[in-house]
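Some structures to go through are shown next.
Next, two complexes with chain A in common: one pairs it with chain B, the other with chain C.
Entry: the complex of A and B
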């Protein structure tokens, strides 16, 4: 390779890139939590809801799992304004990522619901629990431990997925990497630094999730 | 021979064949006499930059550059062979003699002129402001306000200028020009500062919007010529004379107006000296 690596032209931009990493994390947390709530609601509907509601949820899941996230955000970002709904770039990306994550998290949590024993649900129903009470006091404590690892994986996927936000004017880590690259033309240096930041970001998240899982649910997760 | 060895031998043969096909052959630049005696001139045009060149509804290369190239071929009395080229390979294509000259927004720069030679300018390249009409976004001063958002394409040369000359405006960095235009049309941004030559063509899909395009000559005007191989003086001299005639009889300006929906923002004066 005839290319000489000159990191000194890029290192001055690292604080700017780290600022983008904070935005990346923020976007991942918001979209994951919103997606988890959507997924929980949908899984409840799939398990306890009437047939029309179940069909609606199945339609939502089918649509969002079988279309690319890029297309979904493009629709929110560029098509909704023609219908009078103009969202900021950040809001458009956060909503798109939440709806997309919601579909995957519906499937994950639906599997958790199916692992419940019928007798537990019957007992709670006999005691007069409403569906929200049933989900909150009976279902969630039972499935939390089993679902914690796949939910953690989904969070790490969310962190990676945020890079798509750069296309929609959100200056997260990848967006800022493009900006630095266009200033310095040092692609190899810029994107190798960004790769290291992503690795550190996901490692920190994995350790934090593993510790949280151990503390909350006694889940023994391996990080390395 | 085992299956694995057979596979390896087959792969090696395929790689050797591919290498033979893909290795660039030495091709010398053709002089004017070579082109005339060959009866064909090979011209590189860039269909990724419409309307400079584009594929029409019959999937044929069309546009401003093919039209000018056809006029040159007619003057020369030879057949025209258009070769689509992208931005990265357009200079290597002409430098290696695979095409006789290249069009494709060949802005003349001292750096490029170390590798290829240029004819006199064919057209100018201008920067300016694209905005919705009647909002007053027609000067750099009018844009330099915090309430103004400029939609720009990430990685383009205008961004450094904006950071320097329009520091108070917000900047919305998008991925491509259609998205930029859509963002302004939808009110997500008020204006954009960038190259404006092709913008009227690019804004055609947004007919419901009244656009205002204002040239900002203080940014600097560049000029695009035809790129020919280094030291191919006979061809370059002939092309200079042909371009003078095409400028003076209005062929180039008419083709420009037809494809770019209006006159050049900076006219190219026809010079008899070169």
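Entry: the complex of A and C
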């Protein structure tokens, strides 16, 4: 092995890479929030909806959980233009990630819905709550604490998943790593630095989410 | 759009393309199953090395913990690139398949270590004390006390993670491993419609992942029931 690692050529690009990390977080937040909304809607349908709607939701979840996100985004990015829908790479990735996260967050929130006692729902129904009111005022406050750890876990997964956006030339952290790589040809140096940035980024997110959970719900989450 | 696809379909599902996709499917299967199996074994080793009452001496524990924490926090694509360039720069002649396989093993080990840790922790403390009181060696504690009880907890989630690695191998198309996603990209470049190419592999991925996931769910239901009874 005759290769010497030279980091000095890459360190100058770290601020540029960190700028990509901002876009990474942005994509993660967008896809997580959209996925959370999809998941909440789907979990409500699975719990309160009619049978055809339930089957449709189950089909959506099974399909998206059992196929790779990368191919889902390829499909959105290359097939929809044939049908006349042109999407920017960023939009295609954001939509793909949201739909994918939506499937996982449906599963997570469905489990939360099932943990609710039947009497609570009966009482709310007796008092004339509509289903959206029931979900928002009765179900969510009850399951928020139990759902917080798996939801924050999913957010961390979203942060890491955004690296797939690089394949579609979105200039987030990994995308910018490709740029720096083609500029300096210090490949291993660039990607090892990016790996460290990802570790730190997700660690910061984990700690922040754990503190937020402690403050909001007194959840004693462990970071490690 | 549909007319063109109907026109394309017989050509797309011709014998040459089916052979091509079949080969890619085999590569995806080998990559994910062999990678996951090897990685899971290493992961179990890491979990055993992390446990203070098994083989967890301090340096080993620190190293294993650092490995697990770091490798679970790096995206698959970035890991793949690191492994790819590390192989390239070390001058070893490794096939692209090997590079992808090593990446899957490295990831699988980190995730399996966490599952195995949960399994080991599921063994109640009095059992450890009893084994210690009877002067069991660490190896006997592991094989006679821990393993028989924790495999029920460890086995079902492994299938879920295996599905995760089948899906991750699609990213190996980035370095040019001949697996399903790369095959679809090549066919797409050859002029077949994107719907046929990517639609077909989506179905193929589903056909691999779904049964794997179902096995895990069935096992979880069965083993869980027996553990309660």
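The definition used in the following text is that the second predicted complex is superposed on the first by the 222 of 224 C-alpha atoms of A that agree within 3 Å, B and C clash if a C-alpha of one lies under 4 Å from a C-alpha of the other, contacts with A are read in each partner's own complex, and residues count from 1 in each chain.
In this text, contacts are C-beta pairs under 8 Å (C-beta built on N, C-alpha and C of every residue); 3 or more make two chains touch, one makes a residue touch a chain.
Nothing here was measured: the structure is a model prediction, and the numbers come from that model.
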item: Touching partner for A:202 - first (chain B), second (chain C), both, neither; value: second
item: Which superposed partner A:3 touches (first chain B, second chain C, both, neither); value: second
item: Touching partner for A:175 - first (chain B), second (chain C), both, neither; value: first
item: Contacts of A:167 with chain B and chain C, given as first, second, both or neither; value: both
item: First (chain B), second (chain C), both or neither touched by A:78; value: both
item: First (chain B), second (chain C), both or neither touched by A:183; value: first
item: First (chain B), second (chain C), both or neither touched by A:65; value: second
item: Touched partner set for A:86, first chain B, second chain C, both or neither; value: first
item: Dominant contact partner of chain A by residue count, chain C or chain B; value: C
item: Which superposed partner A:194 touches (first chain B, second chain C, both, neither); value: second
item: Where chain A meets both chain C and chain B, residue numbers; value: 78, 82, 166-167
item: Residue numbers on chain B that touch chain A, as the complex places them; value: 154-156, 159-160, 172-175, 179, 182-183, 186-188
item: Chain A-facing residues of chain C, complex; value: 1, 65, 69-70, 73-79, 81-82, 85-86, 88-91, 163, 166-171, 173-174, 180-181, 184-185, 188, 193-195, 198-199, 201-202, 205-206, 209-210, 213
item: Sites on chain A touched by chain B in the complex; value: 78, 81-82, 86, 89, 166-169, 171, 175, 178-179, 181-183
item: Of all residues in chain A, those that touch chain C in their complex; value: 1-3, 62-63, 65-72, 74-75, 78-79, 82-83, 156, 160-164, 166-167, 174, 177, 187-188, 191-192, 194-195, 198-199, 202-203, 224
